[in-house]
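Have a look at these structures, which come just after this line.
Consider the two complexes below, in which subunit A is the common component and subunit B and subunit C are the respective partners.
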Partner chain A sequence: MTGPDWLTLSIILPLFGAVAAFILPRAAAGLGLTTVAATTLCVLMMADQVAALGAVTVPLGGWGAPLGIELRADGLSVAMLALTGMVGLLVSVSAIDAFAGDRTARQRQYFWPLWLLLLSGLNGVYLGTDLFNLYVMIEIIALAAVGLTVLGGTREALRAGLDYVYASILGALLFLLGVGLIYLQLGRLDFAGVIAAPPSAAMTAALAVMFVGLALKTALFPLHVWLPAAHANAAAPASALLSGLVVKGALYIVLRLAGYMPALTEDILTLIGLMGAGAVIWGGIQALRAERLKLLVAWSTVAQIGLIFVALARAGERGLSDSWKAAALLILAHGIAKAAMFLAAGRIKDEIGHDRIRDLDRSPIRPTLAQVTFALAAISLIGLPPSLGFIGKWQLMEGAMMAGYWHWVAITMIGTLFSVAYFSRVLAGFLRFDRVRGGPLAEHHGWSGADAAPLILASAAVLLGLAAGPIIAFIDLGAGGAMP
Partner chain B sequence: MTESATLLILILLTSLGAAPVIFALPESAARLRTAINLTMATIKVALVGWLALEVGQGARHGLSFAILPGLEFRLQADPLAILFIALSAVLWLITTIYSVGYLERGPHRARFFGFFSLCVGATVGVALAGNLFTFLVFYELLTLATYPLVIHRGTAEALRAGRIYLIYTLAGGLVLLLGTLGLWVLAGTTDFVAGGIMADVAAAQPLAAQALFVVLILALGVKAALVPLHRWLPIAMVAPAPVSALLHAVAVVKAGAFGIIRVVFEVFGIETVRELGLTMPLAALAAVTILYGSVRAMTQDDIKKRLAYSTVSQVSYITLGVALAGPVAAVGALAHLIHQGLMKITMFMAAGNLAEALGVKRVSQMDGVGRALPGTMLAFSLAALAMIGLPPLAGFVSKWYLAQGGLAVGQDWVIPLLLGSSLLNALYFLPMLHRAWFRDAPEAEAPRPRIGWMLAAPPLVTAALVLAAGLMANAPFSPLEWTRFIVELEYRE
Partner chain C sequence: MTPDLIYGAAGLAVFGIGLWGAIALQDRMRRLLGLKLCSVGAGFVLIVGAWREPPAAPDPMPHALVITGIVVMLSATAAALALIRRLHDLEDADDRP
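Then we have the complex of A and B:
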């Protein structure tokens, strides 16, 4: 291995940044932005290496698996790191604006250390090759994420944060239990060891326990109850990070482990798919009923996570060789679009002063750019062409049709209809003007520099669909050894 | 063979590239916005003219890149595409002038013209799409770009209409996605190829092929307003007049009809459709729509609603001609794509003028309007007579070819159908003309209304085109001649 060790750097840098930002609160924003930018740069360099070599492995402290800890970067991990870097960078830019001013001084003080800690944890998950290591990282993520949830300090945020803590601890404990069981079985915890393990009832039980823990963390129906309140009541940049990035951590582990599960039978896949289908439908119904904009967006996350599990479940006879790519595309698409949407919702709330959906069209103030951003993000989340979400959905349905699973095709279409219905509740209001009382309509009112970052994210979500070919080819890099 | 992509990209950019600029301009920069709009529309007409010349000489223009392994985003300028873009480019220039006049001092013009440009771009994309996948991309973009135009007035009624429009068209789009995926899974490609790509599949799995055909026609039938999927169209009439003109004459319904043409000729291939036994059901569906639309039009008092039902009826001539599965009928169908566009846009712009200048929105208020707005009503009358099918106007030419085509393939029932439809057309259009020209206006006439040239001229221009398309049907580059060129290509395979 030549040149600097980008893998280790991308975990260590944000960790040091978090400490520095905590010690120097006055410089926190500057430190934070620099750290995130530098980390993203590391990811880009790593992408370059992976593109050239296929996969990069780094033994930490010179000890390789199974004794020591290894970091490994392949196409999928770099794609997740790049998602985190890109979304993180743009959310950071808008956080500078969102937490400006005296009223939010306390939030600003804690936001940056927490977010950098989160970044370190996420990057650790995406590069880890060892189950215990992953456990440590998801605990770090949970710690930071709960902090971000309660950052706003409102009563609702605190209550939602408490539920989130319970869910997180329970999820982590279940995961740890599974890790323990596997260690008892195999005496090692690295991925390579788990792959090589012969299938047994004990292994299946261990993996099942871990799956339940992860499902709790990623809010898969019916274990989603903590998510809507937590995501809806956080400050906008925090919501964007929570919905766009945090749930992806656990989702990524599921995706990785799915490839290793020795006894992933048709029945288990169908069960996972059914949970996903439940999420698509229940999330859709709740989003239709939500009275506040951010709550609607949060419920749409529940539905979208469900769709990602449906994508996994449609594997069929051909195994996961193809369906994990559809799931990965949907994860990337959702990460980008949902972050953009939460930021846009936050901007709308800031400009208008509330986020009650019924009354959004009564305001003479129309934050046009934020509305455009919301609409673009909705296009990708609904899955209209040419967005990245569309390509993900296309792959999902294509595979389901090939395997003859018409029920998964139907679920996808139902989910699409739901998302059209609940997003158009909001979008139609943007264009309605006859309920405005008092004051002339200032259509171009409410533009600001803070709209730029979410708009870039939303545009990327729509346009990246055209680059889906290279993205899929990249995700596939180095997967040969690890994916079945 | 090398393909040149520059011209296609430029044609797309004249509208898709203009939209963000127009959105970003402040509301008050009306002159600059108008200048951009008109410049871009004029450039587009010139570029399309150039492209048509080159394609007429056999040059190939195309562009493609892979989205997924094997699945391409593909644009290609074949003669059929030229037919549709030429129609949209010319009518868009005219409608842009009309819209500038119509929306003078109205609110939200930046938004209106931005989405207007996106619509043109989407329509051009629909025309140029070289495979069903690319078609789907632009077809959905068209839905999204027209929605804000439908609800432009921002009232509760407009919103309701918009919701119905969105439900119908997005559901249609979803079914089209299903059909496109089905085609991809069954045939392994979605390319538009003269003669079709489904022959082998149809031989091996006739049932699946039939199901796929039904799914695709249902999906496209929403926009093409085939009964019983037509309900959104009359309701969408709350939109401002230029939008109605555009929805009905060019963009939305034509995108559906154009899609049906592509699916029948270039996805399945007319021979395959016939072997699957699906031409007659499609023709029957078209026939029912033709009669149903005309009958419903007779009872509408609202002028725009009457025109809308008339559109439901007239657009199905295109489907009918395609389904008759003979070259002569196909010429009629394709020529009607152009002719109906010219006629209907004239009538909608005239209807808009009546509402703007006189406040006349209902047929029962039309007494004596011919004297108040002679130019506008002249254009309206010409288009109405053409719709009825009076020689030598454009509508006559397409009906003549449809009738000939029906006889040529032994479907004699087409003659009474066309005669009956013409009779119904006469029954709902002639009373309008009678009121306009031969009845006196009610008392207490306001001072003679004035409308600017931007409102007065466009319908006269399109009416002149209606006349020209009929009189000079055999001139080179007339819609009919171009259509013959296309049909030769399609039936040579």
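Then we have the complex of A and C:
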């Protein structure tokens, strides 16, 4: 290939950035922002290459698969990388503001190395084509994500973080066990080898173990129990990264492996769909019952992940041949909108001083811009046109209808109703401030430059739906055909 | 019974014991030790892939994978231990009047 190796750079840059930010804590914010911007630039260059060539493969150190490790970028990889880059960049900008004060000096010091390490791990997952390599990357993601969860240092955050550690390590070890079982049968771990393997009971068992591990890591119902506390108790920028990006890593591996598995039977797909449906309903109920804003947003993540699995399993008749596109769109939509929503929730909490949903309309301060951001993100998560979430749901329902899966369409509708209901609890509070006692609203309307980054993200979540055609065409690049 | 079968079955058994510990136990340290057992079990299963009928040389690849796995698990354990200790300190401070 010609020109610089953007694939390797997009993994190595944040890795070195993380080390540099750890060694030079005073310059961490500057280093961090520069590194994230440079990495995103690499991804854009990569997107250009992929648009021209279809897919780019880099054998690391000149050693090709099956012995060596290859990196591969196609439309879906680049879409995930672009999501990570875009969300990452905007969360970074708002993190500079969120961790600005003296009180958060310690959080500022550790946020940047952890976040850059996380970025390196995520990019590694999206480019990796070797199962063991993916294991190492998801462990890197897990360690960085746990660090981000406990950044605040409160007892609740530490408890949630510890539960997250257990779930995350166990998920990774189940994945590793599956990797071992696959190596026993095939003697190789590259995607091409795994995809070419003839279907067998032993292979199905290995993949099932890996799926359970990944489901635990991505918090698919009923393995979601660790997620709400972990995401709700983290600092706002960390929550945005955890909910918007981290759960997508394991989700992507499922999507990638499932897309190439001919062994997936009707029963397995129905089971996956049912787990997704369980998440949609249970997540919806819990979000309705949540007393705090961030907890509501975290439960909505559980429900949305369920929806993505419903899409993966049931958005199309020919098994997974087309349904992965609906799932991919929903992943992109959720990543952007949920990051925006967590940032907005953090801003609202900062301005009002608490995030009790019941008392949101009693505050003398109106964080107007953060509220608008929250509403825009909710539009995409509910799936109202023209948002990206709408396009994803449309693809899901269209695929399911064409295949005659009417009950799965109904489940999607129920999920939509739930999301309208639980987001309305919050939005209704935003619309009426007449319950304030003791004087008129304060002059200060509670918005500042810190609202810019979340607002851009939320607007993107809504407006990207207008560019859905090119996005769908792009994620299809390099797919369809067999892996090299 | 061939050695690879014994190792494979032992690996799965060790993983199972660890899994039970990590899920069913309450004590934080014991749960972590359960996870450690899981990693040993998964390592066993990987190592079986290296075994060849004696005259043939073993496959070196799984050894490299297991060593990497050990390093990864070491860091994960360290992180979990640090969390447990910090949590312990915080809860101790709460108990004191």
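Just so we're on the same page, the second predicted complex is superposed on the first by the 473 of 484 C-alpha atoms of A that agree within 3 Å, B and C clash if a C-alpha of one lies under 4 Å from a C-alpha of the other, contacts with A are read in each partner's own complex, and residues count from 1 in each chain.
Basically, a residue touches a chain if its C-beta (ideal position, glycine included) is under 8 Å from a C-beta of that chain, and two chains touch if they have at least 3 such contacts.
Just so it is clear, the structure is predicted and the values come from calculations on it, not from any experiment.
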Touching partner for A:G187 - first (subunit B), second (subunit C), both, neither: second
Touched partner set for A:A142, first subunit B, second subunit C, both or neither: second
Touching partner for A:V165 - first (subunit B), second (subunit C), both, neither: second
Partner chain in contact with A:A20 - subunit B first, subunit C second, else both or neither: neither
Which of subunit B and subunit C A:I379 touches, first, second, both or neither: first
Which superposed partner A:R155 touches (first subunit B, second subunit C, both, neither): second
First (subunit B), second (subunit C), both or neither touched by A:V179: second
Doubly contacted residues of subunit A, that is, touched by subunit B and again by subunit C: none
Partner subunit A, residues of subunit C touching it in the complex: 8, 11, 15, 19, 22-23, 28, 31-32, 35, 38-39, 41-43, 45-46, 48-49, 59, 61-62, 65, 68-69, 72-73, 75-76, 79-80, 83-84, 86-87, 90-91, 94
Residues of subunit A defined as touching subunit C within the complex: 67, 132, 135-136, 139, 142-143, 146-147, 150, 155, 158-159, 161-162, 165-166, 169-170, 172-173, 176-177, 179-181, 183-184, 187
Subunit B-facing residues of subunit A, complex: 372, 379, 384-386, 391, 394-395, 397-398, 401-402, 409, 413, 416-417, 420, 424, 428, 431-434, 441, 443-444, 465-466, 468-469, 472
Contact set on subunit B toward subunit A in their complex: 23, 26-27, 65-69, 73, 107-108, 110-111, 136-137, 140-141, 144, 148, 151-152, 154-156, 159, 162-163, 166, 170-171, 173-174, 177-178, 181-182, 184-185
